[in-house]
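One structure is given here, and the rest of the page talks about it.
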Amino acid sequence: MILDFLATFGAQLQKPTLAFLIGGMVLAALGSRFEIPDAIYRFVVALLLLRIGLGAGIEIREADLAELIVPAILAMVLGAGIVLLGRFTLGKLPGVRVEDGVATAGLFGAVSASTLAAGMVMLDAESVAFEGWVPALYPFMDIPALITAIVLAQLHRKRKEGTEGRVALWPIIVDSLRGAALSALLLGLALGLLARPESVYESFYDPLFRGLLSILMLVMGMEAYSRLAELRRVAHVYAAYAVAAPLVHGLLGFGAGYVAHVLTGFSPGGAVLLAVMAASSSDISGPPTLRAAIPTANPSAYVGSSTGIGTPVALLSIPLWLALAETVFPA
Amino acid sequence: MTTPATKISIVAERFLLPQIERVLEAERVSGYSIFPGGGKGAHGIHPVDGASLVREFSIVKLEAVILDRPAAERIAEALARESFQRHSGIVWLESVEVVRAEKF
Amino acid sequence: MILDFLATFGAQLQKPTLAFLIGGMVLAALGSRFEIPDAIYRFVVALLLLRIGLGAGIEIREADLAELIVPAILAMVLGAGIVLLGRFTLGKLPGVRVEDGVATAGLFGAVSASTLAAGMVMLDAESVAFEGWVPALYPFMDIPALITAIVLAQLHRKRKEGTEGRVALWPIIVDSLRGAALSALLLGLALGLLARPESVYESFYDPLFRGLLSILMLVMGMEAYSRLAELRRVAHVYAAYAVAAPLVHGLLGFGAGYVAHVLTGFSPGGAVLLAVMAASSSDISGPPTLRAAIPTANPSAYVGSSTGIGTPVALLSIPLWLALAETVFPA
Amino acid sequence: MTTPATKISIVAERFLLPQIERVLEAERVSGYSIFPGGGKGAHGIHPVDGASLVREFSIVKLEAVILDRPAAERIAEALARESFQRHSGIVWLESVEVVRAEKF
Amino acid sequence: MILDFLATFGAQLQKPTLAFLIGGMVLAALGSRFEIPDAIYRFVVALLLLRIGLGAGIEIREADLAELIVPAILAMVLGAGIVLLGRFTLGKLPGVRVEDGVATAGLFGAVSASTLAAGMVMLDAESVAFEGWVPALYPFMDIPALITAIVLAQLHRKRKEGTEGRVALWPIIVDSLRGAALSALLLGLALGLLARPESVYESFYDPLFRGLLSILMLVMGMEAYSRLAELRRVAHVYAAYAVAAPLVHGLLGFGAGYVAHVLTGFSPGGAVLLAVMAASSSDISGPPTLRAAIPTANPSAYVGSSTGIGTPVALLSIPLWLALAETVFPA
Amino acid sequence: MTTPATKISIVAERFLLPQIERVLEAERVSGYSIFPGGGKGAHGIHPVDGASLVREFSIVKLEAVILDRPAAERIAEALARESFQRHSGIVWLESVEVVRAEKF
């Protein structure tokens, strides 16, 4: 069975998504001067998020909203729970400052749009179905994770400085929602839900999805390699955490998906996507939020862990959740 | 025909802009310009126009020309104290001469 | 019938084009940090204009050029006439400086490429046919409008300053044609007419048309919202003019199209596009031309009127001309 | 080894560039550099690299290093008089030192 | 037969590729302010090179590698040989400095990715088949040409300065391979060879190929026109060389293709592509390599010759090799 | 509160950056910023943000603020001698005042 898995895994690495990721890493490692212009990268991210939102919004129109409740609550619990888990795990490890640990746990609790998109494309390639609204769970996991991290950091500071006072949650939520990434996703969702964007979705956003993702994977690969160098300057435990966390979190996400399957008939594909989101760590929208909110944390530690290791591991573990789903959910 | 003035230049990551703008507004600065770029410093390399994964971490330079020299110094000190204590970025002042002093 | 119209109008708002426009406005109103990179925006505009030109050029090859003459003359009359009408209407309103009124009328007489593209996509979505060369009427309406405005402004200045001398038209025309927008349109036209670009037109420019337009609509919506703020600083009559003018001009354009229909059998879809062009006001290429040529006019007034109100109203009124065509032209 | 010179900096909307270039050429300036950017001033905000609907209204900074100080002043005054009377934009002068003076 | 050829040639000029090139030149000549943003241009080049690499890589998987050896050796001989030929031809011409002549010959020996892409699209349009791996010959011709030029320049300098010492080849090769253009091509090749990118190749890279090439042709046309002005400042012999060289080199390339046809059954389409590569001169990746390695050469001379004349002539001569193939290789 | 320093500005084509960076590193410069742009000079026009066929030939400005004035002069002279003998580009020095001198 392990041989079987390795063969499947090898085949998955050849799939465009992962192959472009690895290609980007190799380019960077070889010192290539190849670059994707920043304007293109930002547009690719915007299109992917609009596409994810539009797709989910169109599906939600026909969905039974009651179905959504259980997975949404599970996503919120996962987001916040992963951060709490990470904060106490990292807190026990040597050489980790509390703020750095909290910020790192925050990013690993939050969600990566690129990893989610990769998961969707890989499910499609395997023809594994999922409820079209599952990608809309993204903010339900992402925002609670970031909030939990920020609150933990503020509690820590208050304890250290001996000050009192409540932590204001609402501004953090609003600020998250106004960020470029969540705005694009929510705009897509709203348009999918309230308008009839099917024609443009089918003729533009959806056909370009896979190709644009390959570009994004190139960028993520190049960036991951260059972050690795930075990570070398901080304690090694970050690297260890960054390798293990996506796997543990993915399992937790998969477990939550299984629970939802038993409770509400959540699809196997949905469980895989929940695992992918839980395993993923935020590289694009989480870092600036945490950097502004936890200025005392060292970005080399948390951005390095997430972008340098967390994201590649999360991407490479997608085939794992697919294989798990095949084993756990009988066809 | 020219009036002496002070130019304050700030190089920082983009996510600090709102904070910097608040400091400038507190001193009633009438205008400023922003230029996108990249650079190298204690925190490694920021690409010039290749993809920077987090846009908010890309480098910008802000320049404000100010007639009131003490205000420029107050701004520089406020920034050094508040924003650049914890975040990377540099600030410098230069003596310049402006025409149309009434614009500032 | 009004209820009927409202229902149709509601349905039209859900069409991708208008929905993305409104989405852009809402994003800006909510303070989102979402942005389309400038390089992308400029490329989208270039592709749309190349596409419009190519399509029209390919059609003109097969068209009977005599058919074109009447609509082209009507377009020129509309362009210049709308500016004269606007100059005297605005001239009578309180708080409007002559230069500002002239520049505003100039933009409303000129044509918006994005509104024209939206009109084409909405006609296609409704399967309303039009002569393929109609979009080529754009410069016939646009240039006379801008020239009329510049000449009116120069006459006003000469009268005020008591100087004499003729106004040079040719440099204004050449400068308009050299602008990025008209250049792209005319390049497309020339290639469509003289070369055989069908393969690339059908495999690239045409399929991307609708999707790219949705991106452009997002940008137009965000920009409209931010221009509204600026408009608040100038006299209210600009807002009133900017709401009413697209409707009046659209009716004039529709009327002209009807005349052409009677005279030369111009298609109902062509009449709708003529109405759309007349209703539209220039946001991309007109403003810099007028700003350079009428430096004493206040751009907050005319750019604010056109981009902040004129364009959204013109876009939202496209369903009106469609409905009108259904009523006026029996199937 | 260094020669004193004057740097003239001009921040303006892009559509003024041809006009500015004419003034520079009239004074036989040997070269200048242009940097795209954004800013805030009396006429509101110009985005830094988000879409600006009209490209010609986006902000650029032009810098010219000139050996001849009086020429720099003449340029500044000509611009203040001709272009920046009616249009937004600011101009300032700075004292600099150049190497390879023969390049200028 | 000449009339026949002229008619065919006229028809070829109407094909999108050449028509967009000429369109770009005309725009620039008329002083248009139309521009393709730099970020877009660079992305277009990257996508085209990835597409060329992916396509070739996918084909090489199934190819008999032995087939590749003869054309690859011929490509290397052509690359180096054209530079030697050019160096001595230009060396005999009046007013040509040795360094300038060597750099010019270097660019004409090297390969232009845009010309190669145009050749591929034009072969496809004519349904002329070629071995899918032929575009992978690009680096086999490009790198030897650049190396030959650099070595010739260094030998010349050593002779002049009377110094001794060997020329280090390896750093030049590594630096070439790390350049953005060859990196993209080789990344595509590696992915095509080692991964299974067929899905994304067929849904994204291949369908966009022709359209993106039309954009690139616009840019090349505008750039060619503006380089012509620069070329006027250097000796006229450069212009003469730049007109003649693509034709001579194309013939040499075609001849080499014919030899390969006889020896190994190389396809007629492959011979055309070999002619196209030989006729082409490098505009994107060659110039910076030569500029850094031969700092004493005057870029106005060699960049002007290559981009201003060499590339347009090479592009316009593609129909020639097509016509030649039809004559030489009986159907 | 401010410390005098020297800003060295270099305008050059992008392919010279590695060479320039080597000179800066040899003088242990702690950081520098880079801004993309365009310009006009003896070698014609470089577009500001339109496509430049060869990216390595586009114009950038590099700015480094340095506390050590003689080092700044050594850098300027090294560049003038090594890079800008054969390639286009200009270098100038300006006197500035920095806050947080320990950053440099």
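Here the chain labels run A, B, C, D, E and F in written order, and each chain numbers its own residues starting at 1.
Convention: contacts are C-beta pairs under 8 Å (C-beta built on N, C-alpha and C of every residue); 3 or more make two chains touch, one makes a residue touch a chain.
All values reported here derive from a predicted model rather than from experimental measurement.
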Legend entry - Contact-graph separation of chain C and chain D, given in steps at minimum: 1
Legend entry - chain D reached from chain B - shortest hop count over touching chains: 1
Legend entry - Chain pair with more C-beta contacts, D-F versus E-F: D-F
Legend entry - Rounded Å distance, chain A centre to chain C centre (Cα mean): 43
Inset, instruction - Provide the C-alpha centroid distance between chain B and chain C, rounded to the nearest whole angstrom. - result: 40
Inset, instruction - Can you tell me which residues of chain D touch two or more of the remaining chains? - result: 35-36, 49, 94-95
Legend entry - Residue numbers of chain A (touch at least two other chains): 35-40, 42, 180, 208
Legend entry - Interchain pairs in contact, sorted by label: A-B, A-C, A-E, B-D, B-F, C-D, C-E, D-F, E-F
Legend entry - chain C-touching residues of chain E, taken from the complex the two chains share: 11, 13-16, 19-20, 23, 26-27, 30-40, 125, 207-208, 210-212, 214, 218
Inset, instruction - Show which residues of chain D lie in contact with chain B when the two form their complex. - result: 9, 11, 35-42, 48-49, 59, 61, 73, 76-77, 79-80, 84, 90-95
Legend entry - Interfacial residue positions of chain F with respect to chain B in the complex: 1-2, 5, 7, 21, 30-36, 60, 63, 65, 94-100, 103-104
Legend entry - Residues on chain E engaged by chain A in the complex (per definition of touch): 37-40, 42-43, 46, 178-180, 183-184, 187, 190-191, 194-197, 199-200, 203-205, 208
Inset, instruction - Over in the complex, which chain B residues touch chain A? Could you list them? - result: 15, 43-44, 47, 49-58, 86-87
